[in-house]
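Labels run A, B, C and D following the written order; every chain starts at residue 1.
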């Protein structure tokens, strides 16, 4: 009986561990995008993430956007070939989404970037300097985290400002 | 500080129910099929209520669109055990769906029965899913919902005004029902501004509030029919 | 008094349920478990699909679950309150009934709370109540008062149990380790006895206001809203009365069963039933008084919105429930309880069952008709509970009986030490006590 | 502690159990995450024209990621100025109805069985074109019949052109609806065979004879906007509305006064009111003497004495007679007559009752001179389309076109869908071989739908163009699904209450969802495949091209402008009054671009006093005595009484005797399900009968007293039975029901369709259909008797 109970305990511990950490699985992006290199080439954030100043969302680059520069092979990176493959099949790059709001939370990039003048860094970290696509959000987006900042900056902390 | 309010002129209102449809489209209200409807489980954030009194042929009938009253002293807020429903600074009574535990105390406490409950998870055929409004959340099962004065439109309007570097104008923000009303029977605006249309109308002799004697002080004001 | 190597003597029969278990027990056990499993299945169905599987709708947002909540909380007043009052009143006949009463309280509270939880649309979020409490809400007052009540009545049940646990520990038999832990090293010394008596009387005093507050607060859930026929100042005392009323009835039923099943006719004598019957009679009249007042006030006020509901109860859709309530709560029990001849164990049993049914109907008649008649025009919907709601209700009852049965298998359902104390000490004590308040008998 | 194998296994078992149970439980307690259905995206608002009813409202469709997400009114469109009606909003659900027909379908089961097989458009075209070629080969092109419904604009021209070049006279218009404006009345009095405009915005007093102006007008939003203005749009003036109807409808509820009247008796009430106005001399004498014909008795050119309206009405329609027939007390009748004549401008609006009853209502307007004046009855100008180039008919076509029409109609003016059905069954003059159903659903939305289903059985090839599986499509051999309105190009010529002509442009807001094809495009392809002169008559590639050709005329008309704000409207009007036309475009390209951007074109001027346009009667006057009808009649039959050309009361033949069928049946419409087309839209279903909180079903309204007598209680299910059939509906007690009238709403009871319409409710049209009116050939209103019993 005792070993069984010990096993039970270990099992529970493992389970809790998994639930705690395992729920945030790490997605692999389809293209191993190098932000740093692009940045160094003088590509602006808005070139690929075209909407963050005008819309609620920032947008992920479409295949066509990539092909504007990568029409002719610029590098020997195998991922370049991948993009061309997507282009050929008429598909969009299936970017994986990292920053996901809960269902009833509405976040506006425009409100934060264009109106409040926040920098991308505040939420996305030094993504411009990263050489690999991030696998998890730079910040853990909890309500507390949002609200702390709102309090600090005297922004609106009304529930309805985000929960619509 | 704004105090948003609505005026419904019953003399102009034709009872066409456009407000109801507009609200459904705007707020992703679940489709309740025939069986569930027969059980009385429909969800309407604004609903046309019939008051039919008297006996044939001397009938006094009245049709009255009823959104959430966004009371100054709401009965619903007091009773919520988790603070999922509350009134914000501008007087809009809101619900945070992700906090609601579905005890339905607010639905029973509201004297205007404006609150609806999601008895099941709202579902749409996949052919329709993309046509849901992108600005309003989709409620899950087991939570209460009601009219929000299309608060998401206020957020958008504020954003737009700010981008254009100007003050928020009263015509920037109107709920979907007011926008769609064909006989222009509905007005929306700031009750704190003494010169706004709603303020002026709310002081008219025809103005009355629903169940005024309960002291809930609704911010929806009706104008009665007739001269 | 030396507890070691004791001889239970006449009271050995009280330990019999713990020592011996018959076939009937298992049969009952399994059938109860079957009912519970069925109910659990029904609830899982509801959990997955949503509250749509119930018969609830707009505007009848509350139904059987809330009725059950009020009902079970009401039943819970059986024990603690009655036992505490009897204890404080030093009513000697209490000795063999307090335990069975207190157990009802503690166990049934869980089902009261459980029903509220099962009524939630999002049970997965129920901890929001603790995480984001909003103290304006009467529902939160309920949470507070019920948890205080549950703690207090558990302690109040446990304290008088200690000496009996010690008996079980010393007596040998199964689960020695279990009894050892819970006996807290009771050895029956004077000091221990003194402390215990003190604790019990303290708890007895504490428990009474708590119990009264609990049901008042339950009534506040309704009375604090603005809804017609809920928004009434009388609701607090009305609910408390109703609670004690149904509580006593539940106690009589339980005692009758215990008496029959465990052959405790010697301990639970007709006099107990007679006394409780008289109490029940008083409550019947009190209940009638409150009901009468409530409806008469409404009727004379004649507010249309109230009157719609009033007539709906008297002659309308809810008339069967309303008059059923009146029949079961008043017309049936009153004559039975009024006469000495019928105030037998059997007679009180019938009256009690009737009262229990009647009180459930009363809760239903309070909850549903008001909701069916909102102030503004609304769809005329009919509420009838679905099989899910009935199953869950049955499951709750079955689970309660099961727990009660298991309790009788672990602990003596009649307090052994108290009975013995009564036999050994109280005779003299009572004589002394009576002397203190009878004129003409000198006191030294 | 030592571990042996056994212990280890046990431990593993324990851990496994914990993970399995705990994990399972954890997973189970997690509510499945709501898939986020509403991701944000870039939005565009595309102007187009709503296609949910005949209203012609301009809408803006919010499109995100190729999905139509919301519909709002187009603030520039003068019909609705940014507002909508419930149907307009539910257009989204019409578009995204999950049960739309997705490809062309060919029937494989029996008729009405609903078994179909998807085919390609090429196959479909081939099938249709082969059978049409066959018709022409046999020299019987007139055996092609097109049954057309409520559509307007160039599609109608295109059909006519196709039939002409093909050789069939048989375009049969099947858009008769009782709620429509009384066009026959207009034809009899003013010689005009199209819809009039009622300028309710500027009227002072409206006497509505059973017209559902607030529930089912032909252009709801416009009417409701007008209503708002009528009530409170003019400072100090509040219009008064009186509703005469046999049921307390929404219009009745909103009216200042409801006058309950026996079903179908509105006409005689109008005559009674006319009687009182004449008797008291309250009519507009100047107008009557100058611009009317037949008011006083007169002598014809042949020397024959003719009875005038005045004398006729005075002798026939005494208040006592009228009061007895209608149930309206005499003093009320007198009061109404006085109110109507003293509150100028007053407007009498009827419904499509029997033609001479319509005429009676029209005569009231004529008596008060409220024709062609602001606040009265206006005759809008038509849109100056450029007509399509003349076409050449080949010999077969010429022979075919000269054949008698199957419904015995003449030219384009009078259509008899019921005669079409009857003649198809009898085979006289001939049996049609191919039937096209375009925008019509006779198996549902015509009274006596059984007649049509029998008729359809007789036709070898029935082709439906419906995008939904409606009741008639289910009886067709081929279904060639049209685009829904939000997916296609179309023009939409309408007019405003104040008579301004408006041209809305419908453009696709999203790509077609399924393998559907605009019927206009199909027709062009069909013409191409038929070759010869037919092909030559249709040199265009698609319907949009046809549209652009026709729009040249609008551009060249040098009038009006593309839509603008109300301010622009006033400016344009000012300029035009001064003889200027300064539109916001310079060339046709600019014009067509602005047209699409703003949503359309309009001409915000109404020319008063153009008598030739307003009165197209032989006398060029408002006719109390219909000479036009007299001419049409005298050619077919001999001498008739004068009174048959004057507004008069015709007692209808009741279907069913009073003893067996004690109740009149009144079929009414609600705002949400006015037509037969909207039942597939849950938003509309969810508010079908809001005055009784009825939704998703059909109910019958019974007077509470009557119900009590019959011991029927609210919510019981009852049978309503007429001579023709019975329907099972939910009984609802309604105080606004007359004691001897039961009311059933129209709109439900589809035998086919999608999940949201099929098998829901009942169609009351199944109960009616006796007593066809001799002039319109259409069943008369309010003549069916029913009995009601529990079941």
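Everything that follows uses one rule, which is that a residue touches a chain if its C-beta (ideal position, glycine included) is under 8 Å from a C-beta of that chain, and two chains touch if they have at least 3 such contacts.
Bear in mind that the values here come from a model prediction, so they are computed numbers and not experimental data.
The largest tally of C-beta contacts between two chains is found for B-D. Work out the mean CA point of chain B and of chain D, and you get 32 Å between them. Chain centres here are Cα means. That of chain A falls 36 Å from that of chain B. One simple way to say how far apart two chains are is to compare their mean CA positions; for chain B and chain C this gives 44 Å.
Between chain A and chain C, the centres computed from C-alpha atoms are 56 Å apart. Multi-chain contact residues of chain A, defined as those touching 2 or more other chains: 103. Counting partner chains per residue, chain C has residues 122, 377-379 touching two or more of them. Under the contact definition stated at the top, the residues of chain B that touch 2 or more other chains are 42, 50, 121, 135-138, 140-141.
Taken as a contact graph, the chains fit none of the simple arrangements: neither line, ring, star nor complete graph.
Remark: the chains found to touch one another pair up as A-B, A-D, B-C, B-D, C-D. Per the touch definition, chain D reaches chain A in the complex via residues 3, 6-8, 10-19, 22-23, 26, 33-34, 36, 39-42.
Within the complex formed with chain C, the chain D residues making contact are 29-31, 693, 714-715.
Listed in rising order, the residues of chain B touching chain C in the complex are 36, 39-42, 49-51, 66, 75, 77-84, 99-105, 107-109, 111-113, 116-121, 140-144, 210-211, 214, 216. Residue ranges of chain C in contact with chain D, taken from their complex: 122, 124, 377-380.
Residues 86, 88-89, 92, 94, 96-98, 135-140, 148, 151-152, 155, 159, 162-163 of chain B are the ones that touch chain A when the two sit in their complex.
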